[in-house]
Structures are given as C-alpha cells and as structure tokens.
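This is the structure I have questions about; it appears just below.
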Amino acid sequence: MTGPELLPDGVAPWTMTEVAAHAAADLPDGAHVNIGIGLPTLVPALLPPGREVVLHSENGMLGMGPPPAPGTADPELIDAGKNLVTLLPGGSYFSHAEAFAMIRGGHIDVSVMGAFQVSQNGDLANWSIPGDKAPAVGGAMDLAAGARRVVVITRHTASNGAPKLVAACSLPLTARGVVDRVYTDLATLDVRGGQFRVAAAAPGVTPAILAKLTGGEIDWQCGLRRRRRGSHHYFPAAGGAGPRPVRPGPARLPGC
Amino acid sequence: MIDKRVATALEAVAGVPDGATVLVGGFGESGVPTVLLEALVQQGATGLVIVANNAGTADRGIAALLRAGRVRRMISSYPRSRGSLWFEKRYAEGSIELEVVPQGTLTERIRAAGAGIPAFFTPTAVGTEMAEGKEVREFGGRPYLLEYALPGDVALIRARRADRWGNLTYHSVARNYAPTMAAAAALTIAETAEPVAELGDLGPEEIITPGIYVDRVVHTGAALAWDGEGAR
Amino acid sequence: MTGPELLPDGVAPWTMTEVAAHAAADLPDGAHVNIGIGLPTLVPALLPPGREVVLHSENGMLGMGPPPAPGTADPELIDAGKNLVTLLPGGSYFSHAEAFAMIRGGHIDVSVMGAFQVSQNGDLANWSIPGDKAPAVGGAMDLAAGARRVVVITRHTASNGAPKLVAACSLPLTARGVVDRVYTDLATLDVRGGQFRVAAAAPGVTPAILAKLTGGEIDWQCGLRRRRRGSHHYFPAAGGAGPRPVRPGPARLPGC
Amino acid sequence: MIDKRVATALEAVAGVPDGATVLVGGFGESGVPTVLLEALVQQGATGLVIVANNAGTADRGIAALLRAGRVRRMISSYPRSRGSLWFEKRYAEGSIELEVVPQGTLTERIRAAGAGIPAFFTPTAVGTEMAEGKEVREFGGRPYLLEYALPGDVALIRARRADRWGNLTYHSVARNYAPTMAAAAALTIAETAEPVAELGDLGPEEIITPGIYVDRVVHTGAALAWDGEGAR
C-alpha cells in the first residue's frame, strides 16, 4: 500500500483487496479474462455474486476454478503462476500454442495485470527490473499486446514512494500504449488521450494529493463527470447471451 | 449468466449485414451448416463474400445463397466440384468474383486470422501461376510466398454438441474447417446436430472448440442423411 | 492405358491396376501416405499383405480405411475425393488446418498423385487444363510442395498419344522440381538429375520405344543397373519401429 | 507393422547426438518428461540446446541436465523461476547462453516449425527491447515483428496414454507444449504415465497428438506426486 507517511491526514487509501474488488466489479458478465500473477490473483474471489466470468490460463485452460479443497489437489493442474487450481464445469483444456493463439488473436476480453510502471500514454512495464538474476518474460508481452482490454492493479507508488504512474516508463517496456485502466489504492484511472483520467478516488484524495503522487498528467474533471454517471462499469453489458457485434472495435470508453 | 443458445436458426443469423465476409464450414457436404445457410437466405443479407472449401451442391448450402444471388465474391479452394451447378452458372455469367486459394493456404490464412498472425510465409504454390504478384522470400535457401490472414465478419459452422458457454464437439471429419473458422470471425454461429448439453456434460478433454470462440448456438438437429446415392 | 495402336508388337503394357500395385509395393511399412484423387485411389487395396501404411486425408483424418460395407456408411465420413470411407483402429480426426500443417510441415512420407504432365526436372502439372469451367486447385499444391516424397501414377501418354512425361510442362504447374518417381503402364521412372531414369519397364518395352513415347530425356542404363540390384523398393525400410534419423534429409535414391 | 514402443527410457533416448536442439515439454513441473530427462543425463549427450518454458526445479528435469553441464544454450520464456537453482548458477557463471522469448512467440515459433511455416509476423514485443534487431512491418496500420520457426532435432514430452502407432492423449494442463513440440522435431519421444493402450483403445476424437508426429513411446509410469508442499 502506498506509504501512509506520504499521505496527509484525512486520506484513507483503499486496501489492495478493495482495489481488486473494484477490478472484479468491472469485469462484465460473460467476459473471458486472464488473471496475471501477483495482486491480480485476488480478483476471482471478489467477483460479485452471479457474475459469470470465464478465467483463461496461459498453460492451456478456460474455466479455471478456485484452489482445490485440501486433499483433492491434482498436482498437474496449475495456473500460470504455478499454483494449484481446479476446473469448473464447462471448462476445457488445450495446448499452450492454442492458449496464446487466443491471447494474440484478441479473444481475451480483459487481461488483469500487475505493473512496475504505467505511463500516461498506456505503456506498460511489468517484466524486468534492474538487478534481476536473469531475464525472464513469460506471457506478459503477449497478453499486453493481444488482450482486447488491459487493466492494471498496483499500489499507487513504489515502496520507496516513487510514482508508478508516470509520464514515461524508465523500466523496460512490456508493450506500448496498451493499458486501458489502472486500479490503485488511491484512485481508479482511465488511461486515455495521453492522461490518467480519474474515474474514482479513495476517501480524502484530492487533486493536489494525487498530482503529488503521480508522475504523469492527470485529468480530474473528466473522471468526475464520468463518475457521477455512476459506477465502475466501463462498458455496457457486453458478452453474456448477447451476440458480439460484427467487427467489434476495441472495447473502450466513449470519449470524455 | 452466459447463455449463447438461441431458439431458431433465423435468430442465430440475425444481424448479418450486407457485404459481410462469411466463413462457411464444411468439406463437400460433410459438416456444412445447411440450416444456418438456409436461414441466411431467408434473412436476406446480400453482397456477401463467402469463404469456403467448396461452393455447394445442387440447391443446398452455399448453392442456395448463390442461387438467390446473394454472393458477390467466393474465396474457395475447390468451387468447381460435382454438382456445383449454381456456382458454375454464376461464374459463367460473370455475376460473382472468384479467388481460388490452395487448400492448405486457405486453412492457414483462416488459422492466422484467429491466432493474431497478420501474415506468414508458406512453400505452397511457389513457382506456379498462383504466386503471381506475391512476395517471395528465401529462408534456408528455399523460396516461400507471403500470405495474409483471412478473417471473417461471421462464421457459420456445424457441430455435434454444444453447451450454453458455446463449447463444441464435432463428428468425425465433419469437423474440418469449423474449429479454425470459429476462431477467425467476429461473430461465430454454430448449429448443432444434437440437443444442447448441460454445462459440464462435455468433458474438458473432449471439447474441441472452447466457447471463447463461439457467440451463438442453435440446435437444428441437422445431420447428413445418406440415401445410398448421394448426400441427402 | 497407352493406346495400343502406338505400340509395336511384342510390347505388353501393364494394366493400371498393375501400375498401382507397383506404387503400393514401394510404400514402406509404417509410412504415412496421402492418396490423391483418380488412379492413386487404386493403391490402398493393392498393398502387400502385412504392410502397415497409415493413410492421411486432407479433410482431417489419419488411419483411413476402405469403403464401408453396404448399409454401414457414415455419410459425413468421406475422403478428400468425397467418397465414403471408414476409419481403422488407431485412426484419428483433426481439423483441416492440422491436416495441412502435417502436409506442409513435411510429415507425410509419400504423396501419391495423378498428373497431366511431369517434366524431366520433376515439375508437376496436375490441377488445371485449358477449358476448365472455372479454376479449382484443392490440396494438390500443398501436397506437392510439402510431402517428403512425391510419386505419380499416370498413363504413359495422353489419350491423343501426346507424351505426359515431357522436357518441360506446358500446362500450369502445381509445383516445381518435386516429383521423385513416376509409375506408368510402360515403365517406372525415377526423376533425377534432369532425366527420367528407368527403374523398371513393361515386357517388350525397349529404349527406342520408350524414347518415342516420352517427351523428356531418358536414362536407361542407370535404371537397368539399379533394377538388377532388384525390386521396386526405393529406400531401405524406414518407418515402422525404427526411429527416424535425426534431421532426416529428403528420402531419395542414392545416386546412380 | 508399426510399433513405436520401446522398453526403457534409455532406449528411448538412444542416438540423441551432442549438440542437438531438444524441445522439452512442460510448464512449471506440470507435464515435464522427467524420466526421459534423467535418461538423457545417463545417455551422455552434451552441448545441447534446450528449448523449454522453464529451466527445471531443484535437481529435477532440465535442472538435472544443467547440473551435469550438458546444456550449451537455453531458449526459454521463464528460465528464472522458483527453485531454478541450477539454471541460475550456470547463467551466473557464464557457462550457458540464454535466449529469452515471449511465451506466445515461443509456442508459435515451435508451431510454425511443425506446420512448415518458416516465418510469421506477430504483434507481441513490438516496441520493446525484445524487438531489437528484428524486422518490423505494418499490416493495417499496426506494427508487427517477423519471427522464425524454431524446429528441434529431438522432442521429449510426457503424455498420459499412447498406443503402438504413437497416438497420444494428455492429462489436463500437463498437455501444454507437448502436442506442438511433437510436431516440430525430427525425432519425437514420449513417456507415458499409463501403460500403452491397444490400438483402437484411444478413440479417434480423443487422440490429441496423432502418431504421425511421434517416433518412440515408453511407459515410465511417471506422473507428478504432490506432497502438500511442492511437486514430488
């Protein structure tokens, strides 16, 4: 969580569970969603009741379920983070190549990822930091480039207080111009038009406070206007029973 | 709740616009979504680009669309086959355009569209008249052609079973183009020969096309009948 | 069959069933083989007893079996020529895309094809003739370019007496430099070094007769030498239980 | 008669030459052909190029090869993972080369090798340091990277069941890289968790990897055991 020593009195940052719940609330019914390693793994358990979201895992599975009850684990049945999981009725297995064809082919509605840095033009840095023992990239670049919508869950600042939402990333990029929304402990921000547009803010967070803790340009008014229209829901109930439109464009907010 | 079932074939093809590129499953008469194609004739969309291995037989399948004058262009591997009378008529009178594509290149172009690959190199057709105007590049001393992804606005396919998530299984070689086309279209519509299954009835190792690729399923009960002479 | 009016007394051309039997005898045990439309369809029934060859069909099947017994047909279960077939134990179904990945990826050991023309450098013309109502290519170009070995079964001359084995094809090509062996009613010929090399000849066929009925260059001596070493078998028993060699080259005859 | 069964893992890996490029199935510890990898250590081949998602855990799997000093180069997506101690040691001491590849690009390069595609364009990694030195081309206004097929001399994979033709089935996500790698190597060797089936016991809709892609199968009985803390 963003260090409280940096926060003025009266600011009550959200817990990371609350942040993950914001992301969970925004996943539309019927969406096919990939959940990244780290904070995103909090999301599935926080889906609102009745929300049917199909979880995708890079190692070849759709319909991924929660961790197994004690004593029932299948040791081969793991998620992309190598944790034991289960499969829900309706789930299916397929090859790694097919799992990534789904990703690259734009079939994943939402990719929920962690981040080291997100820039105001949507660049994402989440795979490499100085001091890594050896490079390792995994599926992050494929997900960031391929998912129809990329959202990030992160603490608003790094543990040393440095902004993670920045004008330009200094760390190696995962992909350029892909992040649609960032959920932090201080705010929910849409990345549009070269700005972070505030869609929601934690109690007590003011424009001045957010500006101080953010490296990139913030648009507060636009977000407020949208927020008054209500809720975290960022696109009209797509997926589910309704047919996808013919040649859907990327799922994005209408302009502010 | 996810529920991709629709009640009728006409509902299933609702919204297919004029001018759409429609990928149609099937090889010969095996696996052709004949009921969806009949519904599309009824629905009325015209100026269509049809991507399919063949061009229909007698008055059935794609031939019904050709007969009704709804096809502007065919992209096909073997349009001229036994009984493809409506294709031959429309082609002879010059009322349809035709792009003939080697069969493996056709399937791979569709596969590429579903897999997010905009273009790839293939050895097929190098040095033939089908390579005319195409980019050639050598890899390891051998020449290859550059070919492009072929996405659809709509895919019409036939499956054996489905569930409400849109997971599909197939029957023998009636599978042919269906799994590949399902992934390559913005709107994928499947008719099924057997009634829709409960979620979980199709096992995770048994599902061939995961529901992520499928938008609407309709149980038509249609399957090929064989009268000892020819299909149906 | 090559028109008898063109043949001198004493020449006894093979029947096309005998020709297909030659091709069948040359298919190694354990080979994965694609059988083309037309004359090649005679081959499977003529395999020597005990020869286990796995037949591939472009529409998504390995282990294709003979036509169904009357009353047992599955109307969807057809071969690439749209004829009713069966599946043998061990057979499998897969997508069209996978069937052609097998072909293009060099997994088919032998493709047995018909031909309009074969040139002395191995060019194949078998998909288009003047007067076709409309173009149609099917899988011929993929098979010709992708199979590890391409063999052709054809009458030695066209019905008008014109050679089908030619110096250069005049008809639209299917692929360049791909044909390894041609089986005709007059001879079996390997296509190597820019020549048709006679591996076997029908009774009474002399060099002079063959030269007259063939448009391309013939090497008779090389073939005879090989023939004395015996048989139609053109490569040592590959496939079967034995492992494939690491990085196999194309399966070809050793030089004459 | 076709019979791809061999009696022991050591027979199964016979003939793998020094310097071979070896595709190794598995993701984490799921689906790793540990018995074949142990046999390969025994067999003695060295100077190997190993293509795999990860780089082995503790002393198991690929880590056993790394420990024995048999690996010249790793091509991997995520070599540095929990417990990949031998990889980290060899990499730190500079005794192995490393090529890191985004996971989807790795799988697609292997798929391309099996499918006869020498090169393809992908959107993954555009604009990142992994794109350095790579050809970029725009399609439809979006930039893509050219990537090349990645074939193996040998593939080592683990399956659930096999028959004498080499047909394979898998267990849940232990399938991962195996079907793709099976098609991409000149010599494909599968170990199976369950005894070899009679021909026909694996149904035609059930077979995931057709035997055409497989050269040798050996029943090792190996499957992952779970002790409540970590795999095996």
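We just call them A, B, C and D in the order they show up, numbering each chain from 1.
Here is the rule we go by: a residue touches a chain if its C-beta (ideal position, glycine included) is under 8 Å from a C-beta of that chain, and two chains touch if they have at least 3 such contacts.
Owing to the predicted nature of the structure, the values given are computational and were not obtained by experimental measurement.
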Q | Contact-richer chain pair (by C-beta pairs counted) among B-C and C-D | A | B-C
Q) Where centres are the averaged C-alpha coordinates, which chain has the largest centre distance to chain C? A) A
Q: Please work out the Cα centroid separation of chain B and chain C, and write it as a whole number of Å.
A: 31
Q) Just curious, how far off is chain C from chain A if you go by their C-alpha centres, in Å? A) 56
Q) So, what's the distance in Å between the C-alpha centres of chain D and chain C? A) 35
Q. Multi-chain contacts in chain B: which residues touch at least two other chains?
A. 108, 115-117, 122-123, 170, 172, 204-205, 208
Q: Give the residues of chain C that touch two or more other chains, as numbers and ranges in rising order.
A: 61, 87, 93-94, 101, 103-104, 146
Q.
Please list each pair of chains that are touching.
A. A-B, A-D, B-C, B-D, C-D
Q. What residues on chain C touch chain B, complex-wise?
A. 57-61, 73-78, 82, 84, 87, 93-97, 99-101, 103-104, 132-142, 145-146, 172-176
Q) In their shared complex, at which residues does chain D touch chain A? A) 27-31, 53, 76-82, 87-88, 91-92, 98, 100-105, 107-108, 110-111, 122-130, 170-180, 208, 223-226, 231-232
(Q) Under the stated contact criterion, what part of chain D meets chain C in this complex? (A) 1-4, 14-17, 20, 113-117, 153-154, 163-165, 167, 183, 186-187, 199-200, 202, 204-205, 207, 210-213, 215-216
Q. Which residues, counting only chain A, touch chain B once they are in their complex?
A. 29-30, 32, 50, 52, 54, 56, 61-63, 87, 89-94, 101-108, 146, 239-241, 243-248
Q) Considering the complex alone, what residue numbers of chain D touch chain B? A) 108, 112, 115-123, 137, 139-140, 142, 144, 148, 169-170, 172, 204-206, 208
